[in-house]
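We just call them A, B, C, D, E, F and G in the order they show up, numbering each chain from 1.
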Amino acid sequence: MRDVYVKGELSNVKIHTSGHIYFTLKDDASRLPAVMFSANAKAVKFKPESGMTVLIRGDVNVYEASGQYQLYTQSMQSDGIGDYYLAFEQLKEKLAKEGLFNAAHKKAFPRFPKRIAVVTAPTGAAVRDICITLNRRYPLAHVVIYPTLVQGAQATQSIVQSIQAANQKDYDVLIVGRGGGSIEDLWSFNEEAVARAIYQSRIPIISAIGHETDTTIADFVSDLRAPTPTAAAELAVPSKAELLDRLLNYRSGMYRTTANAIAREKASLERLTTSFPLAYPDRLYRPFIERVERATESLRRETFQQFNYARERYKNLDKQLATRTPESRIRQSALELDALKKRIDQLAALAVRDNTQQLTSAMRTLDALSPLKIMDRGYSITYKDDKVIKSVEQVEAGDRLSISMKDGVLKTTVSERILTSEGERQDG
Amino acid sequence: MAEKEIMFNQAMEQLEEIVRQLEQGDVPLEEALTLYQKGMELSKVCHDKLQNAEKQLVTMMQEGKEVPVNLEDGSAK
Amino acid sequence: MAEKEIMFNQAMEQLEEIVRQLEQGDVPLEEALTLYQKGMELSKVCHDKLQNAEKQLVTMMQEGKEVPVNLEDGSAK
Amino acid sequence: MAEKEIMFNQAMEQLEEIVRQLEQGDVPLEEALTLYQKGMELSKVCHDKLQNAEKQLVTMMQEGKEVPVNLEDGSAK
Amino acid sequence: MAEKEIMFNQAMEQLEEIVRQLEQGDVPLEEALTLYQKGMELSKVCHDKLQNAEKQLVTMMQEGKEVPVNLEDGSAK
Amino acid sequence: MAEKEIMFNQAMEQLEEIVRQLEQGDVPLEEALTLYQKGMELSKVCHDKLQNAEKQLVTMMQEGKEVPVNLEDGSAK
Amino acid sequence: MAEKEIMFNQAMEQLEEIVRQLEQGDVPLEEALTLYQKGMELSKVCHDKLQNAEKQLVTMMQEGKEVPVNLEDGSAK
């Protein structure tokens, strides 16, 4: 069968390295093996996958090796979703997986670009909008337009070439832009080659493709996405008016901060010069005046106290000494001496008197006992040679005798001796 | 003379650095004055450069060469 | 002469140190006097430097204004 | 002459030490007199030094005030 | 002559000892007289020393007062 | 001569001893006389010593009194 | 001569012994006479000694009295 249209579900899809695709087309009742050679497969916008429902145009022949019928596919269209959408989603998913959209890969834009490359069609609203806007906002930048095909079969390659060419030169910003159009018109910007060229650019890229509602893969990969070409130019450069304004602000700001700094320092200085030690330097020595005065006063007081104490002590001692004069002692001693003297006089006199009395008494007794008192009565004592004669036998006739009498002595001679009996008796 | 040769972006960046330093406030007095003077000079340079640059230089890359473009004309081509 | 070459901040710091020492109060009389004199000198140095700085600032600002007048007028009003 | 070289604080402390000795009270008369004399001399030294300090300060203050007036006026108003 | 060199306190102590001895009363008359005489002499020595000290004090005080008066006036006003 | 060297107190004691002996009363006459004579001599010695002491005292007091009067007046006023 | 050297008390004692012997009364006349004579002699001796002693005493007393009068006057006044 030749040139048949078949609708079914893909299964067992195998994409050979050669680009040939082998699969089975099935429906609820039957299964049909199929092949799509690479020459035909290239035209398919999307990548065939199992489970997809597709509409196939081709020929059915017997495959000799197996003897089975096989569908030889000429073209394949997805049933339901459009081919473009499918392709867009599939590429977006793939590149996202690779990390091409990662914020980490986004390059920074210089604040004051000197050179700007614009990759776009050399004619048309887009390039004009970009140039006018750049000139109006920031005439200091040099703009180089890279004329590029942005539509049609050559567009993908042209865009990739322009981006790569710009990367050979020294630009600060690259704007990739195109005016609005249908999805087919903008399709180049969804091509993987363009996406990779943008990704590989060392110059930061602003993309501005189609209108604000259009979103391309290029927009995802670029470092900055502008909704329109005019917006891209505005994002690429600062505004002159704003810059002049900012300069003005800087000038007044610098003046203000410097003046403030001076004022602040002035206040600090003022604070220091009016601080106690500097403003009232008399406080540096005044407390000492009082201290010295106090010490001097204490010195006087204490010295006089010491002196007065010494004087009082001396006066006391002097008074005590005066009371200890030996004068009273002398007087007392004199009295004692006088008494002793009187006493000794008395005693001496007494001694004489006592002895006199004793003597007088003895003499009186002696007198009373005197043997001479017997002779008063007529007795006499006869001595012979001073011996008292008591017996006649002591005497011989002719002896000379002395007879003591009361009133004198008689000297006699013995004439005769007469012996009496009494005398004899006495003798014997 | 040297000032004339400085690039606008360098001048702006130096100026902004000076503004930043002055705003931080811990700059010694003498240096603050020096910075202020330098800042005023840079400000003038930037201002002059902006004010003097009246028209954008636009060229077109054709066969590896930059070709001047009259924008109105160029866009008309 | 040498004092003229001291930086404002250094002078201020020295002055602050002197005030701090004097405020602590246990400085011997003779040293206190010397510190006070030094303090007064530093105070004058700082004062002169500030006055100079102020003058310089105003001068520089006015020099800066001569050119941008139109701009400033335009943007400021 | 030597007294002139003693520091004020030393003189004052010596004076106070003498007073302290006298206050302890058991100082022999002759020593008390000697201490008194020494004390009076120290007192005079201290007094002279204080008077000198006062003069010096007054002079310094007047010298110092001549200039700062402008600053004070300028910043205060 | 030698007595002049004795210290006031020593003389006082000796005098006190003499008074104490005289108070005890068991001193022989001749010694009492000798002690008393010694006491009188010491008393005179002490007295002279006190009078001398007083003169010295008065003199020193008057010398000392001549100067501080100004200070007191100066600081009090 | 030797008697002059005897102390007043000793002389008094000896005198008292003599009185005591005499008071006992059994002193032989000759010894009593001798004691009396000895007593009289001692009495004279004592008497002379006392008189001497008094003279000395009067002299000392007159010498001593001449000076102290001033001090007391001086301090009392 | 020898009698002169006898002490008054011895003489008195001998005298009193003689008296005692005589009082006993059984002394032979001849001995009594001798004793009596001895007693008379002793009496005289004693009497003489006493008279001598009295004289001596009076003399000594008068000598002794002459001086002390002054002291009493002196100290009493």
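Keep this in mind: contacts are C-beta pairs under 8 Å (C-beta built on N, C-alpha and C of every residue); 3 or more make two chains touch, one makes a residue touch a chain.
Values in this document were obtained by computation on a predicted structure and should not be read as measured data.
Enquirer: When contacts are scored as defined above, which chain pair ends up with more C-beta pairs, A-F or A-B?
Expert: Taking the two pairs in turn, the one with more contacts turns out to be A-B.
Enquirer: Would you kindly say which chain has the C-alpha centre located farthest from the C-alpha centre of subunit F?
Expert: Computed centres place B farthest from subunit F.
Enquirer: For subunit D versus subunit F, what separation do you get between their C-alpha means, in angstrom?
Expert: 68
Enquirer: Which whole number of Å gives the spacing of the CA centres of subunit A and subunit E?
Expert: About 64 Å separates the centre of subunit A from that of subunit E.
Enquirer: Can you work out the whole-Å distance between the CA centroids of subunit A and subunit C?
Expert: Roughly 33 Å, centre to centre.
Enquirer: Once you find the CA centre of subunit B and the CA centre of subunit F, what distance in Å lies between them?
Expert: Taking the mean C-alpha position of each chain, the two centres sit 135 Å apart.
Enquirer: What positions in subunit G touch 2 or more of the other chains?
Expert: 8, 50, 53, 57, 60-61, 64, 68, 71, 75
Enquirer: Which residues belonging to subunit A are in contact with no fewer than two other chains?
Expert: As it turns out, subunit A has residues touching two or more other chains at 244, 251, 255, 258, 262, 265-266, 269, 273, 281, 284-285, 288-289, 296, 300, 303, 307, 310-311, 318, 325-326, 330, 333-334, 337, 341, 348, 352, 355.
Enquirer: Chain pairs in touch?
Expert: A-B, A-C, A-D, A-E, A-F, A-G, B-C, C-D, D-E, E-F, F-G
Enquirer: For subunit E, which residues count as touching subunit D in their complex?
Expert: Subunit E residues touching subunit D: 7-9, 49-50, 53, 56-57, 60-61, 63-64, 67-68, 70-71, 74.
Enquirer: Flag every residue of subunit D that touches subunit E in the complex, lowest number first.
Expert: Against subunit E, the touching part of subunit D is residues 28-30, 33, 36-37, 40, 43-44, 47-48, 50-51, 54.
Enquirer: Contact residues on subunit A for subunit F in the complex?
Expert: Spelled out, the residues of subunit A in touch with subunit F are 311, 315, 318, 325-327, 330, 333-334, 336-337, 340-341, 343-344, 347-348, 351-352, 354-355.
Enquirer: Please output the residues of subunit C touching subunit A within their complex, sorted ascending.
Expert: Result: residues 8, 12, 15-16, 18-19, 22-23, 27, 29, 32-33, 36, 39-40, 43, 46-47, 50, 53-54, 57, 61, 64, 68, 71-72, 75-76 of subunit C touch subunit A.
Enquirer: In the complex, go through subunit A and note every residue touching subunit D.
Expert: Per the touch definition, subunit A meets subunit D at residues 266-267, 269-270, 273, 281-282, 284-285, 288-289, 291-292, 295-296, 298-300, 302-303, 305-307, 309-310.
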